[in-house]
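Every chain is named by a letter (A, B and C) in the order it is written, and numbering of its residues begins at 1.
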Amino acid sequence: MVIAIGFEGSANKLGIGIVKDGEVLSNCRRTYITPPGAGFLPRETAQHHRENILEVLKEALDEAKIYVKDIDVVCYTKGPGMGAPLASVAVVARTLAQLWNKPLLGVNHCIGHIEMGRLITGAENPTILYVSGGNTQVIAFSRNRYRIVGETIDIAVGNCLDRFARILKLSNAPSPGYNIEQLAKKGKKLISLPYCVKGMDVSFSGILTYMEERANQLLKDGYTKEDLCFSLQEHVFAMLIETSERALAHCNSKEVLIVGGVGCNERLQEMMDIMCKERDAKLFATDERFCIDNGVMIAHAGAEMFQSGTRMSWEDCTITQRYRTDAVVTTWRRE
Amino acid sequence: MEGFELLQQGAEARLYKGIYLGKPTLVKERFEKKYRHPDLDKHLTKERIKAESRAIIRCKSAGIETPTLYLVDFTKRCVYMEYFEHSITAKEFIKNASKDFIERLSYEIGVVLARMHSNNIIHGDLTTSNILLVNKSGKDDFMTNYSDLKVVLIDFGLAYIESSAEDKGVDLYVLERALVSIHNDPEKIFDLILEAYKSSYKKGHVEVLLKFEEVRARGRKRTMVG
Amino acid sequence: MTYEQPLSAATNATIRIKLFKNVKNVPHLRKQIISGALKCCIIKPNLIVDPFQIVVAANKALTANKMTTRTMFAEILFNLSISKNITQSLQKFGIDDNEKDIIVVVIDKGDFSDKVHEVYEQIKGEEVDILCLKDLTDLKEVKKAYKLSDTEYEKLSILDSVVSRIATKDCI
């Protein structure tokens, strides 16, 4: 039996969660929301995390109704992500591990998403679409690693959507992607936009640049904000489904799991479901508690690592902005 | 499809075989993807058909053997093209042919790829199943006389025109991976391919092979960004 | 003698191609075609490598949803050309009054079998075996007309290259 506490802060979500043998005891989160038209920058984001982390920690411990002495391992996001925010959270995790005299493990953020997704949905060996503000990858498990079968060659889909929301000056609360989704539901006219899939990889900078240059003119020409949101979603999501379908066919898989913040989007889930049904595959997805960055996923992945014998020295417990999903050997999961 | 026999069903299209206009013909029928908005689906399918056709024509201009095209039907999402009755894939050939023949084939593949890349054509799916050996005399014999055979490139469904060395490097990497996963002596074959590629693609090969090494070292298909 | 080929199943049509030499009434035939009285397509032999080239162009004309030109016969001439300019295409592949050797193309939809003879009766010339076409082909002109590269011209089958260009005119 392992009780793990996880600390997540690689982007603008600060999350602390506690898990006991796959059971979620607490899942607390605060999001740093910037005004419409503005994105979040590392310094202010780190500041937000520092200002809130102790309060969130207390919340997580109270909700879980456990004592510090019951905790077996302290886990934190080692990377990938933004430097200052990652560091601000890592510092607290390291300090607590020392204060409480507990082992410390640095967890890969992407793997946190994947393992949480598998736990919640029960998917056995899915092809994984991981889509968030910072990452866009199609992943398949093979020979003890989560192999990146396809990915974005420039920006993440979430980043594309967030920056588009800024052009339209949409509110960032609760998240820009959520607001795009709501507007898209009312969109009617489909605008033809650049579509870029190369094999199993995708590229979003072209469609973003196109929108940046033409959004105002399109609005003047009679298209509504709803139409623009609708058109953007239809295009970027189709690109994601296409690469997922290729991966599914290539890996001969019958399951698809969507993880990451953009995975909350109902239209994306609907499109993926249509594709899955055509191929006789099953779709697995989680809700916003676990799609969006959270501390529980870090705790759970860390617990898995811990239980399978992974240990890290203090020197290893650093943070890193670039940390590829396939860099981790899955000691807890063998082929 | 009336009068045609279903050969294969992939993720993108169905392949049929039959006689059309008096010739053995392969029909590639692309699927309608219901998850896409219908306008987007129609537009994309048309663009893909055009890209595939352009790549095939461009290869011919470069002196590379590819299937002859007979009809392009955007409404039915079909392309009708030459079916090679007396042919085997390079994959099959390598399994059964003599060392000498395999060497000659490897060299020839290198020359063809060099010509393709120097014309900025990216195949996009270079596997040994997409390289055919066709018997010019119409016989089903691939082991007796190498000069009876010609190398034909097929399946340009993922092809595009691009001058970047990285894309060409990725093209080569995909072929190497395909050789490794299927054949027994992949290094030797690939080495010969690269040797021929280098001597045939005098100016461009340096940059391409640099990118190829980068891609290969990372163990994945594209140089990492961001 | 005649080159015959059923076209795409959906068209229910068979194409018949004949070669005539020393034709004496070309200007009259041209007028008849333009007026619609003569139901056939007349093609200049010098740019035709093989009757199959015409088969592909005709098949495209008959299977199309929408024609670019006004008649099926003009459409065949238009399809033979890689140019999107109708007038240019008809001039290049069609005949002028001075032509003596001509290719006559008839599309038989089953209901036409009787009328076919009416077409041939009008031609005041000597029918020769269609195989003689190869003596009339000007390969250098073909290369120019279809913009074939030197490499392609030397290494690959010219018919294959030409036919592929005809098939993919709308893709370029």
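Here is the rule we use: a contact is a pair of C-beta atoms (placed from the backbone, for glycine too) under 8 Å apart; a residue touches a chain by one contact, two chains touch by 3 or more.
Computed from a prediction, not measured in an experiment: that's the story for all the values here.
In terms of which chains touch, the assembly is arranged as an unbranched chain of neighbours. Ranked by how close its mean Cα position lies to the mean of all protein Cα atoms, the top chain is B.
Remark: chain A and chain C have CA centroids separated by 61 Å (rounded to whole angstrom). Centroid to centroid, with C-alpha atoms defining each point, chain A and chain B lie 37 Å apart. Between chain B and chain C, the centres computed from C-alpha atoms are 33 Å apart. Across the assembly, chain A contributes no residue in contact with two or more other chains. By the touch criterion given at the top, residues 2-3, 20-23, 49-50, 53-54, 56-57, 60-63, 65, 68-75, 80, 82 of chain B touch chain C in their complex.
Note for the complex: chain B touches chain A at residues 10-11, 33-37, 39-40, 43-44, 47, 124-125, 158, 160, 167, 170, 219-222, 224-226. Those residues of chain A that touch chain B in the complex are listed here as 148, 151, 153-156, 190, 192, 195, 198-201, 234-235, 238, 241-242, 245-246, 248-249, 271-272, 274-275, 278-279, 322, 324, 326.
Against chain B, in their complex, chain C makes its touches with residues 5-9, 52, 55-56, 59-60, 63, 65, 148-149, 151-152, 154-157, 160-161, 163-165, 167-168, 170-172.
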